[in-house]
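Below are the structure tokens for one structure; questions will follow.
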Amino acid sequence: MKSVARDSSSLIDLYLKIRKRSEEICAPLEKEDYIPQPITDVSPPRWHLAHTTWFFEVFLLQSYLKGFHFYHPKYNFLFNSYYRNVGERWARPERGHLSRPTVDEIYAYRRATDDRIVKMLQDLQGRDFDKAAHLMMVGINHEEQHQELLIYDLKYILCHNPLQPVYNRPANPDLFQQSLPEDYKDFICIGEGLYEVGYRGDDFCFDNEQPAQKVFLPQYHLRKGLVTNKEYLEFVRDGGYQNFNLWLDDGWTWKEENRISHPLYWHEIDGQWYEMTLNGLRELNLNAPVTHISFYEAEAFSSWAGLRLPSEFEWEIAALSCMPDRHKSNMLENKLFHPAPPLSSDSKCYQLYGDVWEWTYSAYHPYHGFKTVPGALGEYNGKFMINQMVLRGGSCATPRQHIRKSYRNFFHPDKRWIFSGIRLAK
Amino acid sequence: MKSVARDSSSLIDLYLKIRKRSEEICAPLEKEDYIPQPITDVSPPRWHLAHTTWFFEVFLLQSYLKGFHFYHPKYNFLFNSYYRNVGERWARPERGHLSRPTVDEIYAYRRATDDRIVKMLQDLQGRDFDKAAHLMMVGINHEEQHQELLIYDLKYILCHNPLQPVYNRPANPDLFQQSLPEDYKDFICIGEGLYEVGYRGDDFCFDNEQPAQKVFLPQYHLRKGLVTNKEYLEFVRDGGYQNFNLWLDDGWTWKEENRISHPLYWHEIDGQWYEMTLNGLRELNLNAPVTHISFYEAEAFSSWAGLRLPSEFEWEIAALSCMPDRHKSNMLENKLFHPAPPLSSDSKCYQLYGDVWEWTYSAYHPYHGFKTVPGALGEYNGKFMINQMVLRGGSCATPRQHIRKSYRNFFHPDKRWIFSGIRLAK
Amino acid sequence: MKSVARDSSSLIDLYLKIRKRSEEICAPLEKEDYIPQPITDVSPPRWHLAHTTWFFEVFLLQSYLKGFHFYHPKYNFLFNSYYRNVGERWARPERGHLSRPTVDEIYAYRRATDDRIVKMLQDLQGRDFDKAAHLMMVGINHEEQHQELLIYDLKYILCHNPLQPVYNRPANPDLFQQSLPEDYKDFICIGEGLYEVGYRGDDFCFDNEQPAQKVFLPQYHLRKGLVTNKEYLEFVRDGGYQNFNLWLDDGWTWKEENRISHPLYWHEIDGQWYEMTLNGLRELNLNAPVTHISFYEAEAFSSWAGLRLPSEFEWEIAALSCMPDRHKSNMLENKLFHPAPPLSSDSKCYQLYGDVWEWTYSAYHPYHGFKTVPGALGEYNGKFMINQMVLRGGSCATPRQHIRKSYRNFFHPDKRWIFSGIRLAK
Amino acid sequence: MKSVARDSSSLIDLYLKIRKRSEEICAPLEKEDYIPQPITDVSPPRWHLAHTTWFFEVFLLQSYLKGFHFYHPKYNFLFNSYYRNVGERWARPERGHLSRPTVDEIYAYRRATDDRIVKMLQDLQGRDFDKAAHLMMVGINHEEQHQELLIYDLKYILCHNPLQPVYNRPANPDLFQQSLPEDYKDFICIGEGLYEVGYRGDDFCFDNEQPAQKVFLPQYHLRKGLVTNKEYLEFVRDGGYQNFNLWLDDGWTWKEENRISHPLYWHEIDGQWYEMTLNGLRELNLNAPVTHISFYEAEAFSSWAGLRLPSEFEWEIAALSCMPDRHKSNMLENKLFHPAPPLSSDSKCYQLYGDVWEWTYSAYHPYHGFKTVPGALGEYNGKFMINQMVLRGGSCATPRQHIRKSYRNFFHPDKRWIFSGIRLAK
């Protein structure tokens, strides 16, 4: 994990801006919404607010704040996520079983930690500052990741509730009604060649994006646009969920055991399809990209379409070639909180950044020469490099500055409470 | 289920008094405490407040209020507990997965329902009033049962939290420090005979207490006092949890699978025993009755002591003989919220009423001639008459007017989040 | 457990006769049939043959044979069922995972043990003989119990196989075609009174039948005949399995989770009902008693019929009154291996003994004054006295001399691979 | 899947030779050994014998034998493994619950099928013969795969039994006592380059090895010898199973949940390590390759050693470079049935073929351009291309002609009843 050393004051500004955004995301919530954990994957919103704070307390304050003491004797136990080197933890499936500390107490914990971080940064100098600045960038990127998870999790909590509460109303709902560009279903062609993938540069990146390396790719074609709800609905109506020849064996078993017959949050009511969104229940938007599907569903769809999912390197080289502009993408700052038809057409491909994370047919494994960082932060990425698949490109819930073309997101192939979608290759 | 018809105004008074008590029990809670469901047995406090209200809405208002409409179209689905005749329900293990309706919305639901009940009672007359009055008594007794469950559940939520929050501080903590009467471990003797058990009279009772009937009992002895923490601690220290010869086979399996080695809420810290109570963590009170034990533990203890548990009829005939006074017992109104040494000695036995429910070695089966009520209320008791054991006598969380000598409480033999305890027989 | 002391030679005769019968039961099997354990309840036939032998080795030879050594160093580990006092055991669900010792080796173990038992009995004298004779009766009765289980288990193994192999062809299949007596559905009436139940006498009985004791019974009516397949089929066709109001709550849950809609071994093929029997697949015999039903199904049927199941004491007092003759009942020696219409009508009731065990609505609990035997044999019965229901009367798989009116069989309420059936009361 | 068309008589010879070998593998078994299925992964030996026969019946005889009829109406249901296109199947976890057809009946099924295959091949001509000859090669390779599985499965059945039966005694046990070559722990170096991997040629290969394709590899080093028991024992003794920093997160969870602290079949008895083999229990052979370890264990070991596992392409290019001779490797025909120190040193690396399958850090995914065959045989490989890891090189249980450098074996990362081992890279 690399980072640019910054001066203290711009780092404080960045820190406070990111910290504030987590709380803004929670602003529409009732206190009760902070508590439940309807499935193990979903953490209670209060947990995210506390855990990101704990991260700064343990990895920054504990090392760099003079006269450090823990804010509360039990918080290190309660809000450690999975860092075995940091000690015992409250079990993940029981995060929703706790009513205390209260939401107010957690906000107070955030306040106190922010004050201490600011003080720490103001006091640090020289090499200590540089080292702390690097860890600050890790903490900031970590909090950005949790902002996205926070949105997934509060969506699951609200959308799992039969009362179907609305989280927000978008300022510009027209954006959802755009029609599709004519070449949306065309393909770009990338020629055979030896390419470089992975991160090379001086800005922040995660350790899993490095070292940059050469790969050989045969010629391939990548679709310009994403798979839409309309296309996916055809798959559903064509019996895609009933035809085992389209599915990987583990996928079929997963689907049968969980009685799955459509994307998460879709509802069929009197023959009409709806989807539950953070803006409430809406008629299925046929031009928007399909989302909330597992890798298994994405792969089955690609078989049905006679195509395939790209590898993560095919995606990355296409992004290198198309140079998408994340400032024109549907990302967290747009506050749509849902994928939409393409907002702009500045690139040879549409929506490489934003809207939905794109499943690739690449396992999340270490790059050749990958090294974990020493110490507890070495547990950040490396130990998850098995049984998960890579997704690329960011979503409508990803902070804009967080994404880049070498960024590797990863989930188990059955996960679908994330804003995941499909881009086809051949 | 029988009841006394009352006049409208005293019935309204009683209703409002009971309703208010549910809310008083919740007064010390934070909003967050209303939400979690750490185990399936434990329902969130908000659910109890809503479900008891739903009970009045469905079983009273729906039948007797002119121009009735449901307060909310989804509440009948969300707050039905197990009445299949009333329709589909939100699944019990998912009660803690809901953040809405909010606590405020549930209190508003209670207000509106109370208003409608009062209006209904003021308007009803003659035979309709009589029928409604009977159902009102069912609803009131139902709410009393949930008050006790509410206390069990909020205790589990708070005491399961590593922060160990305190629910209340008792007004008279000295009561916990009483010494034991000298004859506490003596036995009374009841002679062989043909006795009548079950409820006979004109006040309210549940259907499971009827019909009253004759039973033959051989001579038996019942201990005057309950098993104390001191005695139970001897059992623990004597290896009682490690000696399979003391245990029923299902009990041993349950104990092994759940790695149980002491009562729920006991903690051993540096060689000293504590118990978590609603008054916070306290040193184990050696003179208080042991509580939060399963039937399996009670039965194993009785084997260790060379004695046995009484049958439910042995208990009832002892109560008939001793005539305990519930007004002198440690019950909900005392607000101790924990069993204590005997508060008074007005009876040949101690603590027959209050402090802890006493496990009997009687299966919860129908009495000879038992009939369920027609309609949905027939589901109240009868369908649970298998695989559960009877407990008698009420606890420190039972409303005083709720208990009587024929009252049959029942739980599966592995449950222990209730205020359960042991009275020995031979 | 009591027994009559016998002289050495008649005891040897009895022993060898019972031992031989276990092997006769296995005679129609292929070697392969001795191995599988399709569900945990079902033990492989080879296991029964070895375990009953182990019982004699451990409880008799180990104490009374001079120069005793174990036949094989691992058999005590492999063939102990549940006697914790005797040491560690091979886990029950893994009995079908073992291919060795081979069937031939187990028969050799039986031969060697029989020889040693005979020698032991010939050598013993005086008080030692008396003590051993008592234990021999326990071992003989134990082997008889396993003969019945053996039939259940080999039936499950064969009838669970899509090839539907036939175990035997009855010598007199006409017995299945009998018509029903005219008074088969009438009831006998037993008057209110104080009765004695439990075993009193000098022959062998199990500890769970004692001490004999007085019970008071109100007047009741018991049906003369058992519930037939015809009646049960009406229940099935009337939607009995779909009407939750007929079921105990735990029963409904069990039925739903296991997707049960008819008795075990029933098959509906092209609108016609068949049942799989040890004589192969046969059209459902409408006059035969329904069998292979759980307590839950029995209880639901009784609700549907507007009647109830008897208590175990009601059954026993009826048997006292009717004095059924087990020599005229359909039991193991008849080699029908399936319940049939009544073979004789010598009694006021039909089929109190034999054909099917009759579910009672009585929990399997200790009698007042029950004591377990000291030592490992104390684990025989007492530790199972929870969560099980009593069945009475023996079945077509019970050895004739094994049954008596005080005999208490017991199974969990969901078990149905046994020859269980229904007699109604009101 | 490709194949060389052969003339009828050499094809018949090959077929009969392979078929005979399956039965030779079973020769040391008792009939009882054919039945159990101690874990779902393990199929009963009788099932392998029947399933491989079914494969020829369904994929060859059904299409190419005149007047075809099924040998038995239920065998298509009983012995289909996972081909959904061929119809319903007996559930895999219940394979051990069947005692019929008997072992003799299954051998008769084999006899009859062999006769019919020979007749079919003698009758076929021209293009039909060519097509059938291709499918014959699939069936023959399929049976070879099951020969290896048969050995794994009968090993599990025998070695899981506390009686520890011996399957065979090797003709030349000295081979296990060889010392290691001096350069066994040295590394070979393969230079950076663009290489071709995958199968290109005219002999038989599986579809998953194709199409052949170019890959770019940076320079890497591969160890000449495998990881030995001695090295692995150091890892065990150094606390490797207790240090979470060495493990992938899913691996640690798997290890904890299954309480694993050493390779499958290792036993520590009085401080000395043994391993259970098909030759019986033996002292741990320190010079032999470690085996029966999961991917998780292999990966944790490589972390402990400061090295890594190779990718499947690194392995394949090393094999291309070293040109190992499978005729000098420890494979099925050697009848050692256990890995041993290297038998020969004809190559720059040791034991690339035979002894143990070598875990790679490559997911089992489709090659670029992979196509499944149409029809039911398309289910052979493709649908398993998720959640599994590639192993390379064959083992002591692999038929010699079955292996080649492009051969891809695959298992889930937790599997370890296979002859799996470790070759390190850096």
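By letter and in written order, the chains are A, B, C and D; residue numbering begins at 1 in each of them.
Basically, a contact is a pair of C-beta atoms (placed from the backbone, for glycine too) under 8 Å apart; a residue touches a chain by one contact, two chains touch by 3 or more.
This structure is a prediction, so every number in the text was calculated from the model and none was measured.
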Fewest touch steps from chain B to chain D? 2
For chain B and chain C, what's the span in angstrom between their mean Cα positions? 39
Quick one: report the Å distance separating chain A from chain B, using the average Cα coordinate of each chain. 47
Between chain A and chain C, the Cα-mean centres are separated in Å by 60
Which chain B residues touch at least two other chains? none
Connecting every touching chain pair, does the picture come out as line, ring, star, complete or other? ring
Under the touch definition given earlier, write down the residues of chain D that touch chain A in their complex. 82, 84-85, 194, 213-216, 218, 220, 244-245, 247-252, 295-296, 299, 361-363, 365-366, 368-369, 378-379, 383-387, 413
The answer for chain D against chain C in the complex is residues 30-38, 74, 77-78, 90, 94, 96-103, 157-158, 160-163, 165
